[in-house]
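Quick one: the structure is below, and I'll ask about it shortly.
Letters are used for the chains, namely A, B, C and D, taken in the order the chains are written, and counting of residues starts over at 1 for each.
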Amino acid sequence: MSFIYDKLLGGKSGALGLLVLSILILVVFPLALDGFRLNLIGKYLTYAFAAMSLVLLWGYGGTLSLGQGIFFGLGGYCMAMFLKLEASSPENTAIQSTPGIPDFMDWNQITELPWFWEPFSSFGFTIAAILIVPALFAYIIGVAMFKRRVGGVYFAIITQVIAVILTVLIVGQQGFTGGINGITDLRTLNGWDMTSDSAKYLFYYINCALLITVIVLSRFILTSKFGRLLLAIRDKEDRVRFSGYDVANFKIFIFCFAALVSAIGGAMFTLQVGFMSPSFVGIVPSIEMVIFAAVGGRMSLIGVVYGTLLINFGKTTFSESFPELWLFLMGGTFIAVVMFFPNGLAGLWEEYSTPLMKKIRAKIQPSVTAKPSSSSYETKESK
Amino acid sequence: MGGYSYDELGAIFAMQGFSGISLFSVLLLMALGLAIIFGQMGVINMAHGEFMAVGAYTTYLLSSLTETYFPAFLPYYFLFSIAAAFVIAGVMGYLAEYILIRHLYSRPLDTLLATWGLSLIMQQSFRSLFGAREVSPTLPDWLLGAYPATDMIDIPINGLFVLALTGVVTLGVFYLMFKSSWGLQVRATTQNRAMSGAVGINTKKIDRYTFALGCGIAGIAGAAFTTIASTGPTTGSLYIVDTFMVVVFGGAASLFGTIASAFSIAQAQSILEFFISSSMAKVFTLFVLVLILMFKPEGLFASKVRR
Amino acid sequence: MSVNLFTPQKSSTGRVIRKPRSLLKSLCAIPVSLVLATHIGLVSAADVNTTGLAVTDTEVTVGILHSLTGTMAISETGAQQAEKLAIKQINEMGGILGRQIKIVQEDGASDWPTFAEKSRKLLVQDKVAAVFGAWTSASRKAILPVFEKENGLLYYPTFYEGLEQSKNVIYTGQEATQQILDGLNWVAKEKKAKTFYLIGSDYIWPRTSMKIARKHIENVLGGKVVGEEYKPLGDTQFGSVINKIRLRKPDVIYAAVVGGSNVAWFKQLKAAGITSKKQTLLTISVTEDEVLGIGGENLEGFYSIMKYFQSQDNANNKAFVAAFKEMWGKDSVIGDVTQAAYLGPWLWKAAVEKAGSFDIDKVVAASEEGDIELTTAPEGYVKLDPNHHLWSKARVGQWMKNGQAKVVYESELIKPDPFPEGYQ
Amino acid sequence: MSSMTNTDFSLSIEDLTVSFDGFKAVDSLNLYIDKNELHVVIGPNGAGKTTVLDLICGKTKSTSGSIKFLNQELTTLSEHEIVRRGVGRKFQTPSIYENLSVFENLEVSYPEGRGVFGSLFFKRSTKVIDEIHRIAQEIMLESELETEAGLLSHGQKQWLEIGMLLIQDPQLLMLDEPVAGMSVKEREQTAVLLNKISKGRSVLVIEHDMEFVARIAHKVTVLHQGKILAAGKMEDVQKDPKVIEVYLGH
């Protein structure tokens, strides 16, 4: 029990934070918002996966990836390929010169389903691919980079270049990928109408459940010795290396895990939005994911969920009423966070709420004094 | 290549060589400013492309003003606009350093984020000031067209102009960095900030002027690019990745490395484009660069330092 | 178009609809009672307001969905201006079925999911009766499922690759064959062209267009394609491509380069000494909007094939251009898509009045009968085919230094054929 | 034991050379250290002292020569493998994890759960906690276990780093200027600590402070321009005219 409490929920404040978030996304939002707004929230929450992956990789690990869009996109594309194949049944595509293949292939004079598309007609394979392909890709990049000790700024730039390569490749090979339009017109999942209201609610709840699962899993990682090693690597990489650890392996692992988390977000995005396109793979979305993490607080798993929601909500509202101001505000937020609030929303919360809580607690229980607790050595994970 | 005469092939070969060189000069001009900022100061300036756009818009503005008020001056304004682009982009760089960058020297990844924010603000400013449409300055006639070297070989004059300009700027940078006492101070500050401060170099001032110089050169690049492409609010972001690749691949802090890197990337891209599709040429070039950087993370010409 | 007939000729566009023939035509198609009712504004509220759309006794709400920010804002500005102009003119004439049109405008921000999000907002929250919007194929593909799911009605203004026909979309631009085939025929005949070099930006519209062009060149014209090249969007380096073109010496360069690349492409062509004096170039991606960025001096003498040019000399167009400039400024230029966007609200008005209702299904059914036509169209005359596309003419314009085109060829009315046999 | 000549030594460096762009930072160096020996390397700035430590622990790769530790060749191993063979190294400036508590600093250094999955499922057993307390006592930081390491004094940081090495129980302990920046009292305490921990292992120290060297060294090697100038007991070395010339002439 204490294992679950301490390790998975993150102790008292962590459990409380998770509880509040769960109530908000599982109860409050569905009750307060109509289907359209809820679907928007669902879409934003898929970005939160990518932002959380950056908490692990960047906040704790100190390795900034400007290419999380790669993995978000890979996850999304795997899901989209499955759905597209389902949508391209010979009956639905009878009008094409080659019925039974996706429409964009037909437009590009492809007459046979490419070999790497074929396995995606299986749902089981697709789920496996969403979990494995991005992680495997991250593993290859990770081994190549971290074993050669490419880090810091260079890693950021190289991941960015890989995102560019992938985007150019997807756009350039449109016969296989749908090009710049992406893979569109996805309607059913195993014969079930994805655009119906009931489906949208179901996807929303699956999305939330996965999000909470990822938070709990990440908490487990961060409260283990692995988590402290991540911080140690971030601060003094050489010291860790000369304490007998193969630092590269730790970075590779967390990079793969971060890729996996982003990919889940991408797959859920495709399910809820109904298409996938290269505009989620490139530089701009990848950097936006970094913004979400920075605004929410790069050290806080729960903070970044709020950060993602806030920024996207702001984007939607502002671009509706003051499109001119939006980029100013976004740029300004970015600069302000970096210069004045490096720990983002979570940092602000901690700074202002903790003293307040203490005051309240002191009023209620004036007799309780600080006592040594069994968990006094626990790593403090901020909220 | 059956069916083509030797003359034709020779002419194509010559012109293909020139388009490689012309791409080289473009890449080098873009990268010089960044090489100074990234190489000497370690700052990752994601807004570099926007400083280029400042130069381009300056040129556009001067062109419109000249056209309206001093039409007779039209053949010459372009040279002045290059100087104006340098000054205006430089001053803006100076301000950016003062307001933003100087607080972040110890956090290179954060300069990346902050300058990205700056680039968003600059993009929106361009849009508010100049509109969302792409603009092109009216170029003087002497910059347009081609110089017919032989019957079959036409050399683009704008290409020659950019090449010459790049040469001048490169020499200027070389002189400043390696022959002037100012350059000595910059290099000293890069190598040992504390010591430089101790021997009486005003390192803060050096930082500010270095950053301003880098941005000013970006402004020159922007002005020069109006001869080959148009300018829009988001033009800068198109160049930023290529520019970073040139600098990183060449090895930060090495002027020679930047030149060599721009040259090899330009030739690879240009030759590949002749034989395979442009997008695959780009994928291939970038992929090889990434591979090489994995084996030589410090770039091709990083000086070996005993640590 | 009956409504116009009863309108005093106060507005600049009202003037153009005086032909008695169109009255007869309209009267044949539309029940007389309805026409009268419409005129007096007495259509009973119950008939019209119970469609689940944002329609009141005095107002009907429509959406405009274009990119106001981001890379596409450049192109989409003209389209949304034209749509607003058309709506303003319709309102001045008394609106539709006695109701004034109210606009809800949303920004697609050049981002496809934002387009999808905003279109859902327009349909679900604002319950708009029609949406005028989208520009790129990618944005249309992104919002298409939303329109089909929520049963909305979209008027899409851009010339595009075809291969699509949705119940919920009216395509007011030309599909690929309408633009391509006649242009090729013309250049083959007038310039005795046999060899072609195809170059485009790397995405679906240029590729599909080039596919159709190649089939037509090889199978119909008996010509030869000596090169086919695609440049990534936003690429500004054309040196190698231009050298390849020099080597192959095509009779015609056939171009579909878009966006910022377009400017670089023409500037570098000129710098390489390839001008209209030596080389015929026909493009399907340059309108007056693009010329503004490219500069007339870089294009002089090259040809574009479109369905509309600002310089077209007819009464409809003169009135349109004047009204546009009055509303949006003297320096405004009007390109092909801007004109096509202007047709959207008018086509919708005609269909709604024919149906006597704003109900989407009824409006679509009315649109599919093949008798909705606009004699007031700036491009001359268009007719809506049951396949949701417009009959229109193809025109070849030769660019002049001042940024305007001289129309040198005009085809017959061409039937739209979004799924052309033999070209797929 | 076998008949090989160097088996008696814990560490034997033979003919070790490293050059950076032709500059030989370490030049044909030979150095042997016994078990239970506390060996100090001294020399003027730029003599190559730190480079020698870098070479032993694998941070710098040698150009030629061999480094044998307990008869195992180290030059081909990577850093973490060398550590796992029993070589610990303290850096010149205290290298600790400032954002972690003293306890966590020691825990992270505890030689278990060194793999990715090992660390994920590492349990903070009583054995681990006891060991951390024992080491903390030894380095005089038992009362600071919960303090964030960044808040320690400079001297305490040096001790903490030594403690982080001790918890791994290395057979060879290398310390780069362990008393730099310490108060007189802290120096005293450190000297006692070093004498204590050199039992049962070899210790290699780089130091400038001659007084301190005299207090702790069993043997001294003087390095000059990458080469050995003199070696032996401190009092002998101090009298060596070559050494005097180098130090005075410097």
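Heads up, the rule we're going with is that contacts are C-beta pairs under 8 Å (C-beta built on N, C-alpha and C of every residue); 3 or more make two chains touch, one makes a residue touch a chain.
Predicted model only: the values in this text are computed from it and were never measured.
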| item | value |
| --- | --- |
| Intersection of the contact lists for chain B and chain D | A |
| Taking each chain's C-alpha mean as its centre, the one farthest from chain D | C |
| Chain B and chain C, separation of their C-alpha mean positions in angstrom | 39 |
| Gap in Å, rounded to a whole number, between the CA centres of chain D and chain A | 43 |
| Distance between chain centroids, defined by C-alpha means - chain C, chain D (Å) | 77 |
| Shared interface positions of chain C, touching two or more other chains | 68-69, 202, 230, 232 |
| Chain B, residues touching no fewer than two other chains | 127, 277, 279, 282 |
| Interface residues, chain A side, partner chain D - complex | 220-221, 224-226, 228-229, 231-232, 235-236, 238-247, 249-250, 253, 376-377, 379 |
| Residues on chain A engaged by chain B in the complex (per definition of touch) | 64, 144-145, 148-150, 152-154, 156-158, 160-162, 164-165, 168-169, 171-172, 283-284, 287, 290-291, 294, 324, 326-328, 330-335, 337-339, 342 |
| Residue ranges of chain D in contact with chain A within the complex | 57, 59, 78-80, 83-84, 88-89, 91, 95-101, 103-104, 107-109, 111, 113-116, 119-122, 124, 145-146, 161, 164, 168 |
| Contact footprint of chain C on chain B as seen in their complex | 4, 8, 11-12, 15-16, 18-20, 22-23, 26, 127, 132-136, 138, 144-146, 148, 154, 156-159, 227-230, 232, 234-235, 238, 269-271, 273-274, 277-279, 282 |
| Complex contacts: residues of chain A adjacent to chain C | 34-36, 39-40, 43, 95-97, 103-104, 106-109, 168, 171-172, 174, 179-182, 184-187, 195, 273-275, 277, 279, 316, 319-320, 323, 326-327 |
